[in-house]
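Order as written gives the chain letters A, B, C, D and E; numbering starts at 1 within each chain.
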């Protein structure tokens, strides 16, 4: 298993010494080409969705009436990101953060836009490991810009909802769109939690039926995944809290109640992670004592066998001696008598062990 | 044993991707038919109790003078719940919460009503496990609506009190009714605590008399039940705290003192859970050291037997050798002398072990 | 040993379902008859002490000039308590708290009186266990009412001080009287701490000289007593803090400095309990490693004996074989030579074990 | 080793039942006679130092211009202390605190003076244990009174500085003098920390070279000393913080910056204690696993020896049997062949153990 | 390995007793000669860099327009430092702090300058240990003075940036220069984290492949290094937080956003350290249970061998007895039959062990 936290900080250090605010992509290149998707919609029924490469035309979004959602998938073409930054007046430090996929979730408030970094958690099926993707959201007055590391379909249901015009989404402003994105990211955590819950259950069953060294490794891996998950989710709470206390006019009153809802979901996620952590710690205790128990059982078997046979062997060895004058050796019934003695001793010992509850 | 925390989050994930505020029943269907009970009463003696299916008529409760308590048992008929929601102007997100039985206890304040989610804890006798039921309380000016997952008789004593007209309940408003419900839920926790206390005692006795692997399992189960209980009770503190700081005019001055009382009971429940957690952790320590002790005892028996007989067997084996020239073998008193030596060695060793306190 | 925390909550549950504010005695009946003692005194020399059963006459205390201290020992005559409650206008919920001896220490402020619940800790000599008694103090303008579970002499020195008229007590008002009661309760904790300190020391000595299973039980019992004590003392801090921040005019400026003093004693008690907890946890560690050490020692003895004699026995067994052609058997000096070999091996092994520090 | 925390509270209990504010010396009598030293100095060059027994003349210090430092060493002559208390108008509760050497460090602000309790920590060389001395400082407008348990020379460098007139001390007021005393007490803690650091290092070396039962005892003692030290230093932080927030006019603006400095030293002491605690906990872990390792090694030797020789002895024992018809016994080369078999088995086993990494 | 925390406090104690504010170099002398480098620059293109020994001329920096960065490498020439202190009006306590390299990171605000102590962490390659260097920064209106313990090249990239005039640095004031220094120090921590991460990974691999005593030592060392690092970084958070809340006019609005950035990096460093601590604790658990597992395996081998051969040896020993009347000895097929018995027993036992999962 690769070591998770290291992955986070390795590439960060390449930047040491550069001037702050120098945009540089830190992270894995997860797709071939940057892909920019623009969705325009308004409450009365206008809807347009297109893919574009003409960045200059994006500027329109700032002025026109419909709400614009610009989604940029892929972060490795720095010039494109910088161009978008210039069009929407995004602070250079913020562009740096967008490109550095090792950021901690956070929220920043500027004069005319809000900036959020979120962590989307995937479960990589092939090696059964957690993977994060950084999602940056820039919320302006009439537009939302999202930056993703890869082209994921997690926002597809949302696009579908906008397209169909059902629900509140087209009635509300860009803040509701940003909220919906946030909501989807948080909802995604529940999938991960379910997955983790199942893994915990598997480990639990293994602990009862057949604890072995790989069980320990699995417990250890679960602990680490929890550590990692926790790190991504805890700051999210502050992010949403910050949104709720927002003093810009970007968040409308009506959206606040929805933010409260997503806030509570986050608390629930955090709660569950903490509970899981406690459960996994408990599993470790159970593992350790089951190891002790097994050892105990092994010891008992050894002790029972050894303590029964050692005295018996002593006796037989005794009569294997070659002394000239050993009267017993000549007795007629010595051998059957000896058997009697041996059996008596064995029975007595077995009774003792049974009393001691070792059998 | 089924794994508790998972139970909580499994079905939550089915909703991922749906628009927020889409009501959907998340949880187990615990009864056949929704059952709606309406109780009307006022301070001067009016009292009416009826079961109804005519949701439209419920609207009356908002205007008429008597205080109305509408109890809805069963959450699986979404349309009924939605209809009630529309009549009483309940926010869609809130309806979603009522139907999602995996919510965390919380309080929400709206313009003209308060909304609380509580967790009622039952002890399922058949498999000796904790079970929660979600109770949602909507407190309006002249009415209280309660949503239960199943038809439980826990509120029966309260109904009885209203019916009989004894005590304060009919003199006070709907806020006192809500408080009484809250009080009954909290009082119910003491039953669970008593039950847990008894189980802890059973495990303790087992630890002293005969610690075995099922003891460990029981300790582990107790720990998990505590984790679960804790999760349900901690947020309750904030709920009641929130009620006390309430700025709407729904809670009257006279009721505040009662809220303070139920708040203290909650603190007491939390205190006890924390104490139990410490006690159960202590039990684990005791279990582990009793395992160590047992192993120690086993080792001592093995060591005593082995160390006594190994040298003796060496000696007997010595005189079992077939060398031609072994003068001792020819001695007249060699054999009795050998017995003397063997007995001397044994006595000496036994004395040594007694000194070492191994016998 | 009876299980402490359970004792606390068992009877609490009998009340589940009753209307809040229904007075009911929860706790053990510790004495035959309720005993009401009234002490009147003022600064200029008036002093009267009497036992009474005439509750109606107690009402006088509210109006007359001298300060009145009414002490009620025994809580099982509900009607008497209720009558007193009515005379002094005590809130029904508060009466319920006075009668329920399982309360947490707390302070409550009403319009014209303050109410405190304290826990007096006794050390029951016969079974070496901690026992609590609930002391309720109602502080009014010119009177103090105290409720005790049993007739204890812990307040005797205070009565003596009032009687003798020495010190400040008769110069100050009822608030100083309440403070003095509080001070005596807190001072009493130091006795318990001293007792616990001695027990810890005993266990420590046992750990060094002869750790055994009862030592573990004692450590476990100490931990539990500490848990219990802690639960009684922590809330006391808030109680005294609450008194200091009191906004009623019941506490005079001059008394505040004394409250600060008793507050600091409480902190000191809490500090010591926490230190004791750390010390007792340390003892558990020492116990566990001394068990490990003992096991280690047992193992070493077994290993030394077994590893010395097993090879020797092999050799002797070798020459016990009955092969026809074993030249050594016929040698003249074979037997003495064999002894030489055996001794050489033993010496070599002993040297090895000494080097390994096993002897 | 005597049990430290108990020492603290044993004598405290003798006071239980006494009226608050009754001065009584609690603590060990550490010197023969009380010794009162008076130093007068001002900024322009006046300096006088004398020992006195005439308490009445001390009153002058309150009015005269020069700054007076009165040092009282020894606390067992209660009347002397009371007389000083009356002269300087010290509150009775405070006198009680001065005499009770078991106080927690604290600060108290009165109308015209500040009162501080500090703990001076010594390292008792003879039994290698920590010892505290209580230092009380009363800071008035033109005077400082210090109470010490014994005549110590720790303030000598300060006296020297005043005498020589170098540095700021004579230019500043009594608050700077109080600060200087505080600074010396805190500086003294660094000596203790250095000493503890050295002891930790000694234990560490022992852990690596030769861990034994006394090592465990030393770790345990270190833990306890740390607990004790911590208890003395943590409250000091609040004391100095309290001084900084002081609202009386006793602390001048210019001294505040020095207080900030000593505050930071205290933080540094606390930091180091916490680090040491972590380090010592780590040592315990290392000790426990080194015990496990040793046991493991012992087990391996036993297992290697036993598992090699047990099968060999079986074989030799086999050919020691006296059956009439055992063809091998008659073979010409049976014996050498047997040796071959025995050696082969041994070599095979040794190879197996080497592969298992047990040799 | 030398013991880290001790290193910190050893020399500190030499000062005990000296007047506060007496400058004295506490720390290791890390270079031959103090080296003073002065850089002057302004936004319009002026740039001058020179080494100087003429301290008097430095005074100019306070008045002239260009921004001046004075870097002093080496702290052992107290007079030089004092002279600089006098020129720039630095408080004596602060000079003491600059010279005492054992300070905790902190910020202090004076009327016309800000003072910060930072810790630069190096990784000493030769003995694989962490080393700190204290960096003091004095930020005035038009100048920044930095004090370093040794002549390090870590600020070289910054000098390069100023020289080249690229980026914002020459456009902004002295506050931005101070921020840039801070940023470089924090960026440096990521290098250390990466290094630690790699070491953790090495230890993890070792744990899986071949855990031995040195692994434990390495885990222990990692824990200690983390403790040490933590101590240096936690206070940094307060330092930067203090800068952000600064009320002097030294920090300009435009720089605040950069400070927020470096603040977040610090949080990220702290987060990672905490995660590493958890990971390393987990490693210890894994180590301990792998030791248990190994022991378990050793025990199983011993038990299997011993329990198979002990009964067999008993049987062979039985027929080695020399009784006159043992009918079996005379049987024709006794010997082959015996072999059958022996093999049957072995097979049965092996089957039993396989069932028990010991093979």
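The rule is short, and it goes like this: a contact is a pair of C-beta atoms (placed from the backbone, for glycine too) under 8 Å apart; a residue touches a chain by one contact, two chains touch by 3 or more.
Only a predicted model underlies this, so the values are computations on that prediction, with no experimental measurement involved.
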Neighbouring chains shared between chain C and chain E, ordered by label: D
Geometric centre distance via CA averages, chain C-chain A, whole Å: 43
Computed distance of Cα centres, chain C from chain B, in Å: 26
Contacts with two or more other chains, residues of chain A listed in rising order: 292, 295, 299, 302, 306, 310, 313, 317, 320-322, 326
Going from chain C towards chain D, every chain in order around the ring: C, D, E, A, B
Sites on chain B touched by chain C in the complex: 157, 161, 166-169, 180, 183-184, 187-188, 190-191, 193-194, 197-198, 200-201, 204, 208, 257-258, 260-262, 264, 267-268, 271-272, 275-276, 278-279, 282, 285-286, 289-290, 292-293, 295-296, 299-300, 302-303, 306-307, 310-311, 313-314, 317-318, 320-326, 357-358
Residues of chain A defined as touching chain E within the complex: 3, 5-6, 8-10, 12-13, 15-22, 91, 93, 103-104, 106, 108, 210, 213, 216-217, 220, 223-224, 227-228, 231, 284, 287-288, 291-292, 294-295, 298-299, 301-302, 305-306, 309-310, 312-313, 316-317, 319-322, 326, 328-335, 338
